[in-house]
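Per-chain numbering from 1; labels A, B, C, D and E assigned in written order.
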Amino acid sequence: MIDILLVVAAAIFGIGVYGALSQQSFVMIMMGLELMLNAALLVAITFWWASTGGNPAGQLLVIVILAVMAIEAAIGFALVTAVYRSRKADITEKLKKLRN
Amino acid sequence: MNPGPLSYFLVSAFGIGAVVSGWLVFRTDSMLRAAYWLMVSFVAVGAMLIVLDAQFLGLILILMMSGEMTIMAIFMILFMMNPAGLNPMTMVHQHRTSIIAGVGSFIVLAFVGVVAEFPDRPVPAGNATVALGEELLGRSMLVFESAGVALLAVMIGAIAIAAKQGRFGDAFDGSEEPSIDVETGDRS
Amino acid sequence: MGLRARLAHLAKTGDVPVFVVVGGGYRSAVHRLRLVEGISIVASPRHASVLLIAGALTNDATGTVSHVHDQMAGPRVTVAWGHPEPSVIPVQTTVNGDVTEVATTIRRLFHDVLSGAVAPEQPLLPDVDAVEWRGVGPYGHGGAGMTGGTPYGRPLALRAPARDNLELDQLPVTVGPWFTGFPPGLALRISLQGDVAQAVEVAPTNLIQAGPAGLFTRALSEPTPIRDLEMARARHHIEWMADTLEIAGVDRLAVRADRIAGMISPGEVDPVERLVKAVRRSLLRLMTLRNVGVLPGEIDLAGLGPVVRATGVADDRRREEQAYRDLGFEPVTHSGGDAWARFSQRAAEAVQALDLAGRAGDTRAFGNGEVEAPDGLHRMGEPDPANRLVSILETVLIGSEWGDLVTTIQSLDIDMETVSVGTPAP
Amino acid sequence: MTAFGILVQVTALLSGGAYVLVVADRLMSGTGSVRTALAYPVRRLSFLLLQPATTTERPDFEAWILGPALLMALAAVGAVAVPIAGPSAGGDIDAGLVLFGAAMLIVLVAVFIFGWGPNSVLPMIGGYRMAAMVLSVGIPFSLVVLTTAIPAESLSVGMIVEAQSSLWFVIVQPLGLPIYLVTAAAIAFWGPFDLPEGADLAGGVVAEASGLRLATWRFARAALMVTLSLMGQAVFLGGYLGPVLPGWLWTIVKTLVLLVLLALAGRTIARMRVQTFVWFGWVVLLPLALVDVFVSGWLAL
Amino acid sequence: MGGIGAALVVFLAALVAIGVAQWVWAVTGERDLTVPERVPFAGGVEPEFHAWNRFHIRYYAMALLFLAFDMEMVFMYPWAVVFVKEGLLALIEMLMFILILIVGMVYAWREKSFEWA
């Protein structure tokens, strides 16, 4: 069971890495990050379930990851809005070009 | 720890669902679909959590992500050109590197996961939500408090960053900087 | 009996969903049709089975009415009511009688088309793409690049600066002339940014053929009994209230207003006053109308009847009529100039009109080229106030959220019968 | 009870409740007699089943189909969380409240994709209005439901009902039920809050829907109203608790009371502007919900 | 699996039943529709553009506020369950929460995040 869970988590993480590295648009990069956090969440709960004897700190870790996701999303969107407002750019390359 | 065949089946099914929908996020042209494929991925992971006796956390994950992904969809449609993907498009860079990095991290992590041995100390029966609540108000009070304050900072920060310009006056007058006067600081 | 026949048997005794295209002189009649049990007037042709063309339309209306006809989900049948031959589109039946007759005809046709006795109408417009797009472009979908071309037959909306510095897409969309939120015949080209109107342009239309001259038009040239004038005014205002209530989602009160409009009698102000009380209890002011559609001060509103009186100006031609002065007439006014002020203004004027009609006896008024109609001051040989109302739309609607935009237009009470804007679209 | 038994029970409950709601709504609308109102749902459904399909030029086909299906599924899932006849008879879900809350938040997704699907401007605006609404009332809605878990010390709806054996929470938490009903009407886009389907949008999200698509959407929305009433009576009106009559009958009676109340409000109060609604949700409902949490917490100690 | 398994069964049953019915209806019924029958309704005039665009929501700041608020809600669920057990500590905790939420709300209100720009 643990094997299945960890392989699934690894696969989600791999897709997240691919997305975060390959995508040009800010919001799509954020989706990659969220997928990576999703995998982390699954790993955390797997260990809590299998190896910690029900230590509630494992559950707490999941909640903390959730909070990180929310914070990342809120600040991320706010920054995208601010950048778009000032630079009219929504993809990373454009931002570089504008800076030069 | 002795999960039955049903648990195996469900975990595998949801696991495949989570991976496939996660992959589809980057395969679709429609921003709406991308956001909601990501939500499906989260919901599938939430369902796996439920199978793993973390019913509360699984459901809370689904609850959180449904709200967050709709906001994600709204913002993606807001900022992406051609949000519905009516013209097929690929907006990727360093594609080969990304694929190698993605596959590489999968292989490494999966290898570690399969090979490594973990102590076998399963969750005892009992209400995990109560345990979590006690943890939150006991040992981990500090985490709880700081998360609360951090979220307040996020609320204020996000609004301040996102809505800084153009709130006062319409496009025809030209917008003016908001007056951040001293009394704000005093009040809050 | 097969399943289909069984369903048809059940369905044909139910409500008939009717989409109404309202032409000249038939606005009031459609209000009475709404009261008929078993007829349900729907807001979108996708919900309708019967298309009712009520009143006269010009030949320019053929295109838009055909579009609505083809958009109907069906099974389609078209009925013309008081609509002269030849009709703008082919119709099954023409009725010239009263509400009961048209309701019976609609119901009979609905029966027949469901049971198969009458074949449902086929689409009117040719089955061709507006733009050649099939097979065009790298994927055969008509598009080019990321946002170019005409994917699936239409281009994508364009970027434009916005009110809050976020330069996003602007979607120009022409709404009307048969959109039920607007007065029949009014079409607006609205540049939407999200749900906010960034620019508004009145689309050139001349679709509605004016009905026979009304009471107020006749009063321009001949003295007319005050009693008749005030009854007509009260009915007009109550029917307008019904429209407002309908758009505000209080169907129950809208039906009640329509019912009252059909049975008012001189001097009997009670039903209207009770209706206004019920409207207050429906929180219409707080929920929908307050601070919506405030007219900017620089617009000249003189002579626009209830619209100007709702800004606190006692501008009323009736003050100068001796016959009205003898009745102790003094114009009611409301302050604020928002949609709620206009609603209260019209409600108060309806009550006042009924009261005047009860006391007027046989005295006559007007006849000297000017008359105070429900929508403002009519002058012999000059365009009706509706023309001026249409021309101010382009300024007052800018920056409104969609719902406020509809509320504002409704609150101005525009009758497109005597309005023609520019050259009609081909 | 087996999963199949629960499926049958939920189907019967939601269909019956939806029927009552449609009849009540028809009666409130001002035209027609009781007899036609009673026959109305069946006749209307028959007509919609006969109506030919329509579509738009380039819809998001899957999203448009998924909208009503998802709405229905969410209404059904929400109903599973509520025990009907007695403790554990409806399947005891430890975190039933969270399941319900999650299902009700995902309603936004269903409405949003249903408005997005047809690629038409009026439905799309409707979908975005729903987003504005749910994002404004989501927090007060969750808060008032969560508050009922405080005295019960559990997130299971069965336990919450049991905790009301001495006194119903509608009395202990007087602010709870009114806020719940207002926010529930908004989540089911019903009554004064039917902004996504408003007459000013020619039907909004349903402006392009006809036939079976419209029928399933309407049915799903009515079922959603039943689910919301069902939960409302369970957490505020003591659910299946009551003298003389069997528990399931009490559940049905109380659900119908709330349903009829909502149907009445829907036809007698004017539709709210979306901007007013956003303000109302955050500045009025949210503080009231916080007061409710505080007062109820204080009393529970 | 208990009740939660039943919830899954009910969810899938409703989703599949309604989804398949509509899918069959749409696929069989849409084939013969002509081009004008497919034109989206906006009152009788054909649209010039696709309706899908970068839809400019006016409440984006409010949406971000919701994200953070929603997260605060997550903490409140386990807290509510142990409220009575923990007593005064939980009450103080709750006061802090209410304070945070009120401050966030008031700030957003002051910044006009609940108004259409």
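We take it that a contact is a pair of C-beta atoms (placed from the backbone, for glycine too) under 8 Å apart; a residue touches a chain by one contact, two chains touch by 3 or more.
Computed from a predicted structure; not experimentally measured.
J.: Go through the assembly and pull out the chains touching chain A as well as chain C.
T.: In this structure, the chains that contact chain C and also chain A are B, E.
J.: Could you tell me which pair, A-E or C-D, is linked by more C-beta pairs in contact?
T.: Between A-E and C-D, contacts are more numerous in C-D.
J.: Chain with the smallest distance from its CA centroid to the overall CA centroid?
T.: Central chain: E.
J.: So, what's the distance in Å between the C-alpha centres of chain E and chain C?
T.: Spacing between the chain centres: roughly 34 Å.
J.: Could you tell me the distance, in whole angstrom, between the mean C-alpha positions of chain B and chain C?
T.: Computed value for the inter-centroid distance: 47 Å.
J.: Between chain B and chain D, what is the separation of their C-alpha centroids in Å?
T.: Their C-alpha centroids are separated by 26 Å.
J.: Calculate how many whole Å lie between the centre of chain B and the centre of chain E, each centre taken as the average of the chain's C-alpha atoms.
T.: The mean C-alpha positions of chain B and chain E differ by 15 Å.
J.: Can you list the residues of chain E that touch 2 or more other chains?
T.: In chain E, residues 4, 35, 37, 39, 41-43, 47, 50-57, 60, 63-71, 74-75, 77, 80-82, 85, 90, 108, 116-117 touch at least two other chains, as defined above.
J.: Counting only residues that touch at least 2 other chains, which ones in chain B make the list?
T.: Only 55-56, 60, 63-64, 67-68, 71, 74-75, 78-81, 84, 86, 129, 132, 134, 136, 147, 151, 154-155, 158-159, 162-163, 165-167 qualify.
J.: If you look at chain D, which of its residues touch at least two other chains?
T.: As it turns out, chain D has residues touching two or more other chains at 52-54, 57-58, 93, 95, 98-99, 116, 119, 121, 128, 131, 135, 138, 155, 202, 207-208, 211, 275.
J.: Following the definition at the start, I'd like every touching pair of chains, please.
T.: By the stated definition, chains touch in these pairs: A-B, A-C, A-E, B-C, B-D, B-E, C-D, C-E, D-E.
J.: With touch defined as at the start, can you tell me which chain B residues reach chain D in the complex?
T.: 30, 32-33, 36, 39, 55-56, 59-60, 62-63, 66-67, 69-71, 73-74, 84, 86, 127, 129
J.: Can you list the residues on chain E that touch chain B in the complex?
T.: Of all residues in chain E, those touching chain B are 1, 4, 8, 50, 52-57, 60-61, 63-72, 74-75, 77-82, 85-86, 89-90, 93, 96-97, 100, 103-104, 106-108, 110-113, 117.
J.: Quick check: in the complex, which residue numbers of chain D touch chain B?
T.: That would be residues 58, 60, 63, 93-95, 98-99, 101-102, 105-106, 108-109, 112-113, 116, 119, 128, 131, 134-135, 138, 155 of chain D.
J.: Where on chain C does chain D make contact in their complex?
T.: 4, 7-8, 10-11, 13-15, 17, 35, 37-38, 42-44, 46-47, 49, 71, 73-75, 114, 151-154, 171, 173, 179-181, 192, 194-195, 245-256, 281-284, 286-288, 292, 401-404, 406-407
J.: Which residues of chain C touch chain B once you look at their complex with the stated criterion?
T.: 139, 141, 143-149, 151-152, 156, 161-166, 168, 399
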